[in-house]
Amino acid sequence: MDSAILLISCPDRQGLVATVTQFIAQHNGNILDLAQHVDQDAGIFFMRVEWDLDGFALTRDAIHQAFARIADPLQMTWQVFFSNDVQRMAIFVTKESHCLYDILYHYQAGDWRVEIPLIISNNTLLADLAARFGIPFHCLPVTKETKPQVEAQQIALLREAGVDVVVLARYMQILSPEFVRQYPNQIINIHHSFLPAFPGAGPYQRAYARGVKLIGATSHYVTADLDEGPIIDQDVKRVNHRDSVEDLIRKGKDTEKLVLSRAITYHLQHRVLVYQNKTVIFE
Amino acid sequence: MDSAILLISCPDRQGLVATVTQFIAQHNGNILDLAQHVDQDAGIFFMRVEWDLDGFALTRDAIHQAFARIADPLQMTWQVFFSNDVQRMAIFVTKESHCLYDILYHYQAGDWRVEIPLIISNNTLLADLAARFGIPFHCLPVTKETKPQVEAQQIALLREAGVDVVVLARYMQILSPEFVRQYPNQIINIHHSFLPAFPGAGPYQRAYARGVKLIGATSHYVTADLDEGPIIDQDVKRVNHRDSVEDLIRKGKDTEKLVLSRAITYHLQHRVLVYQNKTVIFE
Amino acid sequence: MDSAILLISCPDRQGLVATVTQFIAQHNGNILDLAQHVDQDAGIFFMRVEWDLDGFALTRDAIHQAFARIADPLQMTWQVFFSNDVQRMAIFVTKESHCLYDILYHYQAGDWRVEIPLIISNNTLLADLAARFGIPFHCLPVTKETKPQVEAQQIALLREAGVDVVVLARYMQILSPEFVRQYPNQIINIHHSFLPAFPGAGPYQRAYARGVKLIGATSHYVTADLDEGPIIDQDVKRVNHRDSVEDLIRKGKDTEKLVLSRAITYHLQHRVLVYQNKTVIFE
Amino acid sequence: MDSAILLISCPDRQGLVATVTQFIAQHNGNILDLAQHVDQDAGIFFMRVEWDLDGFALTRDAIHQAFARIADPLQMTWQVFFSNDVQRMAIFVTKESHCLYDILYHYQAGDWRVEIPLIISNNTLLADLAARFGIPFHCLPVTKETKPQVEAQQIALLREAGVDVVVLARYMQILSPEFVRQYPNQIINIHHSFLPAFPGAGPYQRAYARGVKLIGATSHYVTADLDEGPIIDQDVKRVNHRDSVEDLIRKGKDTEKLVLSRAITYHLQHRVLVYQNKTVIFE
């Protein structure tokens, strides 16, 4: 089914839903899914609406022009997406394969409307796995000294491949603020803890030392502040005193891969709006 | 805050959201929360919208009249509720107190806009607890022979107390179809299993015998078919081989009370629509 | 059933389980439940064994003497408990009633072999609830200046009532290190966050500001360091962008009360061993 | 680490733990992990004990002989396993790849001490995936008429490959009782529902029709009775009215693959004992 998706945020006021839904109805659009949210404290209105393009009176270009006339006076920040468009997603990895396997599964199964034109790693370990699926693999080792040049190379590769979204699937390097600025709210990371607990390095070691009874994983958009970006999804798993650090690492992987894949799904389906370093997820 | 809530279901067609939201906007209503759902297979549209009555141009009565003019041509089934109205809820119990304790906690804490004018039981065991909270307690033992008369007494008590909703908080009697017919989608039961597994008597015994690894609880509206009514909420809890039947019963109580209280919350906040023996829950 | 419970920790070495179980077998004890754990890194052995006292050859006193002869050469730290002994538990509260309700439910239902001789509060709000259950209620307001005297009063009340364990059921005061020292690993607190995330004041406000997708609760033994004591149990609940701070507070209460009651259960059943600021929970 | 694992079940009596642990201690074995369980109703004792073979006085063969002398008079059913032994696991699939991906991930990551000498399918769809990992793939279509011959072929392949355990990773055929009899408690299936709810065909369709609020998956040993074998593990995932049958199928896959991989882990680590059509899982 070919559908259009509008993502909107703007100052809250009366009649916003009516205005948007009338626009769709007037051009013979049938709404498939609508969700709205108002942050009462902040006074901000959020909306996601998806409608069937079959029989819709406006072309893609005309939608942009026509909706701009509605959106501008209402100070709307808005984007329109089309469900049939194929997005392009790059994967960054290091040594751990669990998240990459789960991503490849969804990719092959056709769960996502996405192409994966490249995998970038600072290590050769997962080159074989990429080769098995015929995905170009770029090994770009990073040192403190070479980081600026390597990041320039990485960005060149992403630009060349026309990448819309970057997934850090347990990539064990910190991207520079300069890199992050190129892809605002387009870089999805998985952190192996229940943030804000245990940000930074060694979260399972620290979870073990603290004696927590649940371990977690957090998927978030990358910002200039390490592990401080807007959280997309989180989950946890029960552990106990019998679990060594190695057990936590092993058990945590299931949570990491599921949380990351769910976050990717929300992003690719245009279900995420970011504001004030938080996310609205229109499930 | 004084708000109005519209619950709507009707055959799906273009422009429904626009029509309803325009009605609210035209009379200066500010939407607080809106959710809609379309069952594509069944072709049915569902909607819940809540708006602030502060500054709204229509009185309660006028809302009914004005909205009927919109709803009738669209074949809408609809109800309007007002958040400030206090509903009246009766509790039926037998011997187990865990659900009643949780209900009394929410009641005393002011979590629900509700009065509890009476508790009905077929046993005296919980009379003391009712007395501690000053709630009239009616002990009406039931036998196979006296059931019709007792149910008539129960219904008389409910009518007299102006009851809107009946909660079976581990009431270990089956209500007759005649009773149920008096309160369609207004009687909430908690069944101590993950339905449709283990309907009827002794679910924990049967869960133990089958060796399941999770036990559950299900809250549903009561219909003439035992444990077959529309499910409002369910949850489960992990168990293992060390758990005896008594352990399952004890552990299950936490799940039962939480699931029942959540279902009551959804009902009292007018978040439930029933169709085809299923529920739409506008969370 | 009358049973004895041994809790043991000691340096790990060969033959420990054999030695302890032989001691029980030689005196005609039938083991009901046995669990052991070795922290391989720390080289510490932990064990909990429960056996039926029916037909056991030794009296309570004789058990102490006989087992000391085994334990001393093996440098065991050990305690023996008897399932029929009734422990005495004090509850500290302030204004929130959800945890107290859940404790009172378990108390009345006979789930725990415990007496509650008193409730202490710095506020009168829950006096009525205590009165309903006939439990002596002591209102002792605390200011910065009066804290030492008030704590002295509290400890005097606890001593007088022969209290074995203190439960802080959302008591919104910090106990002084001097108080805590009187009851090592005997004061159970519930903190309304998933520690180590959001320790200290206002955890739900901070969870809201951070935009987390799960909120949690943590029950732990109180130590001199605020919210840093050994964790007994934790759990979480899913939330989303629609939840206001008030919603988080309301939804979090269910998790808080369940986690606290589970921690109390573990403690009262002598299932907890503390070491290195962590707990071994013999479920 | 090279360790031995004893799995024991026998009529309960005094001194069983002492007898077994003394046997290990006398031959200089250091216990790494011990768990026991008594089914009080059935009067059966279960035990799993794992000890370090480093410095242990007996060879593998001698362990068998020596322990038999202890076990026979106590009517023990027992097996001894060695952690360094590599088990051989066959995978049966049809069209769905999610469980196979998860198994291949664990296999490649070295999470399991296992070889996968072959994959058997009644369909060619997953031949490519098997080829990518260099695992022999046998496509054996089955019809009602050819089933006996095909099963004979399958068993011949399994025998030839020296297979210890068979995993039905969404194999959409029912094995005959004759097949099952060849591998008692050695065939692990994943059923895509929370058994005993929705056994047999179309569980997601039936879950949708019933309007459940959680969907589940169950891993169990295959017996002659369809979906009635001993349950190894189960889990569930929350769904809601917005989920179509297709959504349930898609969301359920995550639960299916995790539950199946956990069950395989328990089996391969010799943590499962079967009795009375139930399992004891020594986690």
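We just call them A, B, C and D in the order they show up, numbering each chain from 1.
Rule of thumb we're sticking to: contacts are C-beta pairs under 8 Å (C-beta built on N, C-alpha and C of every residue); 3 or more make two chains touch, one makes a residue touch a chain.
Every value quoted in this text rests on a predicted model; they were computed, and no experiment measured them.
**Q** A-C versus A-B: which interface comes out with more C-beta contact pairs?
**A** More contacting C-beta pairs are found at A-C.
**Q** Based on mean C-alpha positions, I'd like to know which chain lies farthest from subunit A.
**A** The most distant chain relative to subunit A turns out to be C.
**Q** Averaged over CA atoms, how far is the centre of subunit A from the centre of subunit B? Could you give it in whole Å?
**A** Each chain reduced to its C-alpha mean, subunit A and subunit B end up 37 Å apart.
**Q** Cα centroid separation between subunit A and subunit C, in whole Å?
**A** Distance between chain centres, rounded to whole Å: 41 Å.
**Q** Quick check: what residues of subunit B touch more than one other chain, meaning two or more?
**A** Those would be 33, 40, 242, 283.
**Q** Which of the residues in subunit D end up touching subunit C in this complex?
**A** 12, 14-18, 21-22, 24-25, 28-36, 38, 40, 238
**Q** Under the touch definition given earlier, write down the residues of subunit A that touch subunit C in their complex.
**A** Touching subunit C: residues 37, 39-41, 194-198, 210-214, 216, 230-236, 240-242, 244, 276-281, 283 of subunit A.
**Q** With touch defined as at the start, can you tell me which subunit A residues reach subunit D in the complex?
**A** 33, 97-98, 101-102, 104-105, 108-109, 111, 129, 132-133, 242, 250, 254, 258, 261, 283
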